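What follows is chain A paired twice: with chain B in the first complex and chain C in the second.
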Partner chain A sequence: MKKIEAIIKPFKLDDVKEGLNEIGITGMTISEVKGHGRQKGHKEIYRGAEYVVDFIPKIKIELIVNAEIVEQVVEKIRSSANTGKIGDGKIFVLPVEDVIRVRTGEHGKDAV
Partner chain B sequence: MQDTKIQESHIADEELVKFLSPRQALAALWEQGLSGVELLLHHSSLVDNFIKTRFHDAVGRDAKGISLLALGGYGRKELFPFSDIDLLLLYRKDSYQLIEPVTDAVLYPLWDTGVEVGHGVRTINECLEDIKKDFFFQVALIDKRFICGDKELFTNLSQKFLASFDKGSRKTFAQDMMAHRAERHSRFGDHTYLLEPNIKDSRGGMRDLQAMFWTGKVLFGLSTPAEFHEEGLLNQKEFQALEDAKNDLFIIRNRLHYASGRKNDRLFFEYQEEIARKLRLYDSRETLGVERFMKKVHTSLYTIATASDLFFEHVEDVINPPKAGKPHRKLAPGIEILNNKIFLTDAKLLLQKPYLLFKAFSLSAEMEIPLHYRSRRRIASLVDRLDEKARRSRRCARYFLETLEKSRTPQSLLQMLDTGLLCFFLPELEHLRALALHDIYHINTVDRHMVETVTCLNQLKERNKGLFSEIQDHKLLFLAAFLHDIGKGLGGRHAARGAEIARGIADRLALTPEQSDTLSFLIENHLFLMDNATRRDLEDESLILKFARHIKSIDRLNMLYLISVADAKATGPNVWNEWKEALLLEIYHKIAHLLQQHDLIDPDRIAAVEWMKEKVSELMGSGEMKALEILPEDYLLSFTPEAVVRHLQIRDKIQGNKVIIIPETRGHYWSILLMTRDRTGLLSKICGIFALYNLNILQAQIFTLKDGTVVDVIDAGHLMDSGMPDDIDWKGLENDLEKALDNKIGLSHRLAAKFGAMATQGSKVSIRAKPRVIIDNEQSDFYSIIEIYTKDSPCLLCSITKTLAEFGINIYKAKIGTSGDQIVDVFYVLNNLGEKLQEEDFLKELKDALLYSAQSCVL
Partner chain C sequence: MNSGDTAFMLVATALVMFMTPGLALFYGGLVRQKNVLGTMMHSIFCLGMVSIIWVIYGYSMAFGPDIGGFVGSLDWIGLKSVGLAPGPYSDTIPDLLFCAFQLMFAIITPALISGAYAERMKFSAFLLFTALWLTFVYLPVCHWVWGQGGWLGKLGALDFAGGTVIHINSACAALAAAIFMGKRKGWGQEALHPHNLPMTILGAAILWFGWFGFNAGSALSAGKTATLAFFTTQIASGCALMSWVVAEWIIQGKPTTLGAVSGAVAGLVAITPAAGFVGPLSAVIIGIVAGALCYSVIFLKTRFGYDDALDVVAVHGAGGLWGALATGLFASVYWNPDGANGLFFGNPIQFLIQAAGAGASIAYSLVLSLVILKIVDTVIGLRVSEEDEIMGLDLSQHSEIGYTQ
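Then we have the complex of A and B:
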């Protein structure tokens, strides 16, 4: 089993969810995160007051999948989230030791 | 001893069975509909009988000097399914030896059943001592009830207990009670308890009711709600409401105990849903069953909260009476202020001039001083006698709007809500009372959320002085903030529903048609900014333009922004954060920026674009609507509909590096349509090939469609300027351009070979007027704009575009032309990462390079 973490642009969330649904994946965890990278933040001056936002809002998606479908899932996320412009994000694949379902206590693949 | 123990446990087993099965029978009876109060009485009787039987078996019916008393909830005969049983074993010193038989007979079996039994063993004197040390014991004794044993002993205790309350200790008792109540409210008051209330300890829960009656008993000698009513502490309406609320909570608590299988008073979400189902509250078109259930819960909680608030304010007045002779200040006819409370002194006047009611709240909000509880009760009883005239009164409207504007804290508006005045004035609010929507984000019921939004809006003034000072109509802003969710709970989309409902309200409040329009717009669009900021691509210029045209004015944008922030803050603690703020600021600034460019919002321009789209789709026939989406506005406004259709037809033929060139002779120059697919360095190669073919670009409009198709219209004349132009080998040009795009032609050496001599001439050119290069990052949020002003020269454009290509800069739009004898080139660009050109160093380098290439031929 692997854990997939994807950092994407906020407005791409619906596209990614739809894309994952298409290949049968519906369970994932979503969080609002602050990105720091090559993309520059915002600095605006309005009526003399300066608004500085020094991060870029991003969405992080986390999901656990069986190793056999990792490539398929990663590609689906990548193509759904892609705009071709800077800031599209990154996808990480991490190893997972075990997965346990709280309700039943099931381990491993059964719990994914 | 051993034997007796075994014998006793043997007996306990039988008793256990005997005891449990009636309880199970009780549960069965409840399932069949035995109601709240009856169930509790029945349960108490059950336990009473068990205890009496065991007691009489142990020490006989005539035992003296020992009694069993019920305390607390059991004493009140409010024994819930899994409640504790609180017993007091009262004894006289000379009957000490009876204690053990009683405890053996009664307590052990009770413990064996798994019931929580609290017990104390005390003499009368010990009780009197302990009530001085332990407030909670003192309170538990208030509810004492004789179960069995020596009645005289019990009566003795009662008399002495009553006598223990002298004036001083009564006052202390009340103060302790109020302090405990306040502490309990704060402990059980945070947002998680608003979502999943604890119906015993949360504000308005059963504890508040009990606190009221304990205090009433000690302070005023009142035992039952009926006595409260008789004494005038509750009028008929209030009394009935309180009884209903109590019964509702009892029913719910029974169900909750059974659903949880233990003594649990917290309405967790799963239990909410389960109990709603059991109470047959099903989903309807407008609301969920669980929402209807929670509305009952919150209504009961609010009723008890309000009643106990009023009661304790009265208690406060009794134990700390205001100093006589203190001056009271008159604020308006019938409205006075005394001891930091606002009083309404003349009921008759209030009915004649109902606007005074609203004025009182307005003053209350402004001065942050609450209305006195008697005045609030008075208003509550008056509300039924107000009529439609008051609803339409301009003065009522005026003071109502003032109250909104001045509410920095929720108190005044909540008091207006609790007295019923607000729902009278705006009947549209009625269905939102105590309505909790079933999600984890909205921690307040809708009525309270509306009030919180107004106060959050007020609190934004500090940080957003600029925005507030720009807004024309503050009253409208606050009214919209207040009414934004008025369409909730009616099924369908609440924003649109709310906008409709607002029309009626606007009419009653005598707003102008323009104000009414704006009010409806703000309500209908109160989620517009937040939704689009988080779900749409804010780097899409045409999208932001669409938004700007929807909002139409910076005034409306400012109001929408402030309402969005206030709404989010008032929804719950996790809804508004820096993350959302960043996106909201981005969309706000981008839209504001476009709204400042009046030509873009100009209705004539919008009409022209629409006309173009219509015409183009007419000419193309149906089924081609998708194609229109890729056409930028600037492009549409630059061509005839026929030309656009032609471009779209040509577009289908361009694949890979294919280039299509269609020249038209225009006397001494050509107008050339060039279409291909976009890539970096395209324009540079076009200029280079044109130069090789002796074409001098006089003017050009460069467009890139959203799908990457390039549409260039280039006016070119003969490079050598020798009168009539020769025939140009257009096919050859097309092929060579394709080769160049395939990187198969070395433009540099070819151009150097052709124009080598001219290159040196270039240096003379530089002596004349200096070129200007301006890189503008302010004007557009979507592109960097590079403007170049310089004298014309043969390879100028090649030079400039080659430099741009060198820096990996992509050109999306360009206007190349002349102004007098000056060349004016404007390029809308982004770097190779698709972002605006930002870095200081990069900009300097680019500017230097462009200046150089504008002066000399860079090939």
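Then we have the complex of A and C:
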């Protein structure tokens, strides 16, 4: 089992969610986060005063999948979140030791 | 007594009253979220406190029997001898209605100052400062210009709706407060952003709407001069809106909505002393200059390092001073036979009188405001503690928050 964490542009969330639904992934957790990579921030102007805002809003998607479909899921997220411009985000893949379903107590693959 | 004039002035008075909540929204949107209520309270509370002062002694000191051209006496204390018949200031409306109209001006003037010391003043210090400033600065200066026997009025200074009395006066107090109190924590290091610009835009719209009562109502009758003031108010404001936005577009590369509404208010300020004395084309010039001028004065606070948080000095000071001088340039008896001609209409003396009036009120307001600030600082302390400033005025001064998390 692997955990996939993807940081994407907020307006791409629907595309990514639909793309994942198409390949049978129905569960995920998302959160609104702020950060920057190479994109840097943007400029704001209020009455002559210019501010550079370093951290810009992003969406973080977290999901756990079985190891054999990791490549397929990562590719789906990458293609549906892609705009070709700087700031599209990053995807991280991490190992997961165990998964437990709270309702039934199932472990491992059965609980994913 | 004239029922048309009375009806008009009742409505105009209500319009001016509405400007103070408008100002609360305008300023409230410009501060950080944690200070929105504390900032709005500075305006809203004036509606209460100034009303009481006005009835007890305020109106008497501003408009009562003259003492040496400097201030009104206390003969009209408790509004003694101010009744429902026409009084010394108008033949066609009740004396009490003139008193009510002028009360609304006295309410908004100290509220304007609050933009300078926003986000860092103790509420108790605000109360004492406002009461003292109203008593020892606003009431005398109002008497100089509009009170019977006031020395600036006798000199022939033209101030149609309060460019000197209200805008220059409050902006000098604002400059004194910004310098005396020091900068907000984080000034120049962190971004002290406006938290709600749609709120600021709504507030500016209410100010603009109310300003028709402010300027047209200053004619004190529903007739030719009120119409002129109404029209020049709209034209100057619109032109200043355009010129501020164009100036910032050229200099900083983007036209901003905050620039648009700031320009509109700058134009309203600048036309205030001139509204009933100048023609529409003069209003165009007054507005265009006001927008670009006030925009450029914004940058002075960074250069000289005073934290005029919401730009009272740039908008009301520069705009008010320009308006007072412009009245001396563009006033024309063609448009108002009761006024005077300005420099461009063959009367250079009027320009000098306007400059003298503005200079006198600048000097008086700056010095007296500093003295009052020093007194309040000694008695109760002007600034909130550092901890309270970080927490925000809403929680530390009022135990409330503006928005649920």
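By definition in this document, the second predicted complex is superposed on the first by the 107 of 112 C-alpha atoms of A that agree within 3 Å, B and C clash if a C-alpha of one lies under 4 Å from a C-alpha of the other, contacts with A are read in each partner's own complex, and residues count from 1 in each chain.
Just so it is clear, a contact is a pair of C-beta atoms (placed from the backbone, for glycine too) under 8 Å apart; a residue touches a chain by one contact, two chains touch by 3 or more.
Bear in mind that the values here come from a model prediction, so they are computed numbers and not experimental data.
> Can A:V53 be said to touch chain B (first), chain C (second), both, or neither?
both
> For A:T83, is the partner it touches chain B (first), chain C (second), both, or none of the two (neither)?
Only chain B is touched by A:T83; chain C is not.
> With the two structures laid over each other on chain A, which partner does A:G37 touch: chain B (first), chain C (second), both, or neither?
Touch partners of A:G37: none, neither chain B nor chain C.
> Look at the residues of chain A and decide whether chain B or chain C touches more of them.
Counting contacted residues of chain A, the larger count belongs to B.
> Please work out whether A:P10 is in contact with chain B alone, chain C alone, both, or neither, and reply first, second, both or neither.
first
> In the superposed arrangement, what residues of chain A touch both chain B and chain C?
Residues 44, 46-49, 51, 53 of chain A touch both chain B and chain C.
> Okay, in this complex, where on chain B does chain A touch?
Within the complex, chain B touches chain A at residues 466-467, 470, 534-539, 577-583, 585-586, 589, 592, 833-835, 838.
> For a test of understanding, state which residues of chain C touch chain A in their complex under the given definition.
Counting only chain C, the residues touching chain A are 191, 193-194, 248, 252, 254, 256, 258-259, 262, 295, 298-299, 302, 311.
> With touch defined as at the start, can you tell me which chain A residues reach chain C in the complex?
By the definition above, chain A touches chain C via 44-51, 53.
> Using the touch rule from the top, collect the residues of chain A that touch chain B in their complex.
Against chain B, the touching part of chain A is residues 9-11, 13-14, 32-34, 38-42, 44, 46-49, 51, 53, 55-57, 83-87.
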